[in-house]
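Heads up, the next two complexes both have chain A, just with different partners, chain B and then chain C.
For the complex of A and B:
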């Protein structure tokens, strides 16, 4: 039966080319959107690796002020830490979690190198963000020994540079001594990829303009106002801005999800069009092929045989379109396009096949059932 | 083999009611060659369709091998059409998108059979009708007589016991028509039961029995 269907489609291939091209294009668009969704989904299931609830990011803008900056910063940090509402406060580089700033480059150990994010942070950082080292400890000023600067790397950097070797005490880059390893650190939110990163210790001379503050649950805008006023009293020319990490996280999510949603809407629109086209072609086909249906019924086809034939023909047509589509799609994992894990592309190919055959079956089912219900004598009479 | 009792067929279209068959009683015995004659529109095709289980009568009963078919499901009927009956239509009804060979294979598609056995049986049937040199052609590349012979090959490919032929020679010249009749006579001699609708008295004379219809009623 299958070879019969192939023959039937093959003999009418000119007639079906447009449909095959439509299915081929749909497959590719579907593959695109499925890759995007799989990519985001795969990222999403990886935990971000830190706690952001009740954490505020304080931006200190010094404007034109150049006098005694370090002293003022020192006083401000002391004051922040002295409030009962504050559980922990930590200085860091401006690329704080969920911010739109980035700083990255290579991280090297002997001949191996990985590309990752650079962060500067102080010893209180893990308390502010609820991070627990999985190897060694978080750094502190006491780790500054001789010419070595203590650093902490994350699991991804450890795997990239050291594999199974214990990295604690190893010297990487220029005189950076690994004192600890943390798990994931996905600073741009759940939908960002799980990248390697390295933390450098901030010393007391470091001019920072970002403070992360972990406040007690229930702390509100009143405290925020009190805080900004206090800072203004120390440094009159400065401006301070407080953002909540929960809000910033939402912004990052929107940034990741909006393109997915737009692409998804376009794809759905395209697929609805293809589905309607399929439906129309099938209805037309069945009207034109009543004679054939009558003949087959007269020769012993059951209603079920007719239904399977028409659905099967659509599957065969879809298979031609999908096969050409797969030929294109497999280039992405094989050529490692966009540096995305191959498994994501394979998953997208699989999902696209399932969705496409699902649509084809859905569209073919109803007209095919109608075809099966045509009475053989009626079908033959009209000729 | 086929027994029709008190068959009545009414076609109901929007506001006209056509009585296409009225009180038909026919018993066709195994091995018979029966012809049906009558003016156009008298219900010959309708009768043949009912015998071939392609249509249901409005009243009356049909029995195949003494089994009444009223309670048969769609599957049972399809099985009977497939195994027992070979249909030759007035207007060939070949599928234009399939080669001659593929057309002839169709009845076997609805049986359990292998590609190879189907192929072989179809070739054999085409040989019987003298068309083995046209297997790869498509229906629109054949003459009317050739098409009719393909239709015969398709009807006999599954070795059915009964062949129902609706004016198999209607569209052909007399030489071609006689050739077709000879094929049917040979099949009958080999054991097939045949019911043939015809307009040709001479052809009817060569069969065992003649049934005449007039306006849906059996007149002889």
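For the complex of A and C:
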């Protein structure tokens, strides 16, 4: 039966070339959009690793002020922590969660090396973002001993550098001593990659201009106004920018989701187009082959047989198109394009095949049923 | 003759409403997507409020310094010093205006926070751009020289900050980042996509918070150079490059030595492309656009070709008779192509209506703040061209197939 169908299609291959091309291109478009969706979905299911509700990010811009920066920063931080509305406050490098700043490079242990994000934070950081170390502890000023600087890495960095070995107390880089390991830390939001990262303890002399504060629920802009006024009274030339992590998270999400939505809309429009075209062509084909159907029915083929024949023919055409498409699509996981995990591409190929066969079946079903309803007497009478 | 072809096409359309629907549906959707896309690109790159003079302006946005080995690179907007020395002193341009990139400030009002985009600019900025003043006037050289705490705000901010919307805001005071400013003018807000001119509030550039005294070549300013006419671009660029070449090298910055300065006065489109794809990668942008267009138009076109080729037999008798009476293949091919273009144009007009609806929904949605997408003459022209290309793309193959049909076959089957 199947080989018979293949033979039928092969004999009229010139006639079906354009259909196959259409299915081939549709497959590639589907593959593209499915890769994008799989990538984002796979990221989304990984937890983000910290709490961002009621956390504000304060950007302290010192502008042209050059005098006693460290002292002023110290006073400001103490003032912030003294408010009853503030649960915890922590200094951080400018690449705070959901911000658009990044800082990255390689993290080395002996001969192994992973590429990851660099962060600087102080001892109150885990209280501000509700992070719990899974191994060891978060660092504090008392960890600064001799020439070693305490660092905390995340699970991804641990796996990349140490595998199954316990990393606590190991020295990475030149003089960074691992004191703790945390779980995920996806600073750019749920849709970002789960990357390795390393935290350094903020140096008191070095100037970082970001402060994260966790406020009590229900704290409003009145407190914010009070806070910025207070900062301005300590450092007159400075400007303070307050942003809420929830808003910044929304921005990051929009950045990730808008391209997906745009591509999805365009793909749906293309596929609806293709589906309607297929439907029309099948209708025409069946009208042309009434006699053939009539003869088959007269020779004892059941309505079901006729239906299967037409749907089957469409599947065979789709298979040719999809096979050529797969030939192109497998290059992506094989050549490791865009440095994305191969499993995402395989998933995308699988999903595309399912969706494409779904569409083809949907388009073929109604015309095939019409064909099955043709009575031999009516069909043969016309001759 | 043309009229006859169109009349035939119309009759064919009416014969099978179902196939007509499929055809028009595909054409309309395709062209709508392309028209919205065109309108969006025009919104980003065309001359619109407040930059009506964009085609007569050169933009200087970034200055890159590199060491001779090209291993270390520093890319940043310009410093005020650089603008003063190398741009304002140019003789060929008509005018030079400058401003900072957008930064942010907060304003608090009765427990409500208003987040503001701020910009520091000079008096000429108001002349190289076309901001429409609804109230008051821009600050001038005198205001700047006096170091006055004045500010120009947009109508959107006025609405948010001042309770009485009808009264003039000019002369009132507004508190931004814990400093008081006197409102000197109110302008109509511009879309957020006007990278170099958009803002909510505009301050004179010499307020301390603009950091205009930064030493070195790099800072946070950008400049717009207005030429007398488009033909002066070359002269301005030459004069500007000559001026930049006089900067003594190498430059020391953060303990590094840099020997290469790269800064360009370019049209807006080039500036944007250069920013997002530096180093000759613009070509990828164009390849990407062509590829997307090819897929967007190609797939529906193949679809239509398929459908038309399948329907070829409907017209067999007509083709057979015309051929028997001596019509050449080319005449038949042209007839089918013209028919197809006619149908495409019908789809195109539906698409135009649909596009207008989508654009107005988009503008009102606030997805892009103060967006002003529109269908202007150039967008319409491009859309028409797209329709023609699409009509040809989907019409040529069926037309050739039909015109090549043998008279015998055509007449026999009917």
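Worth a mention:
One rule holds for everything that comes next: the second predicted complex is superposed on the first by the 383 of 383 C-alpha atoms of A that agree within 3 Å, B and C clash if a C-alpha of one lies under 4 Å from a C-alpha of the other, contacts with A are read in each partner's own complex, and residues count from 1 in each chain.
FYI, a contact is a pair of C-beta atoms (placed from the backbone, for glycine too) under 8 Å apart; a residue touches a chain by one contact, two chains touch by 3 or more.
Worth saying up front: this structure is predicted, and the values here are computed from it rather than measured.
Of the two partner chains placed by the overlay, neither chain B nor chain C lies in contact with A:51. In the superposed pair of complexes, A:71 makes contact with neither chain B nor chain C. Legend: residue contacts after superposition of the two complexes on their common chain; A:11 is shown touching chain B, with no touch to chain C.
In the superposition on chain A, contact is made by A:25 with chain C only, not with chain B. Looking at the shared chain after the overlay, A:291 reaches chain B, while chain C stays out of its contact range. In the superposed model, C is the one of chain B and chain C that contacts more residues of chain A. Remark: chain A residues 1, 3-4, 7-8, 11-12, 291-292, 294-305, 375-377, 380, 383 touch chain B in the complex.
Partner chain C is touched in their complex by these residues of chain A: 18-19, 21-22, 25-26, 29, 63-64, 220-222, 224-225, 228-229, 232, 237, 239-242, 266, 269-270, 272-274, 276-277, 279-281, 283-285, 288.
By the touch criterion stated above, chain C contacts chain A in their complex at residues 18-19, 22, 25-26, 29-30, 33, 104-106, 108, 111-113, 177-178, 208-209, 211, 213-214, 295-296, 298-300, 302-307, 309-311, 313. If you check the complex, the residues on chain B that touch chain A are 49, 52, 54-55, 74-75, 78-79, 81-83, 87, 89, 91, 93-95, 97-99, 102, 105-107, 109-111, 115, 154, 158.
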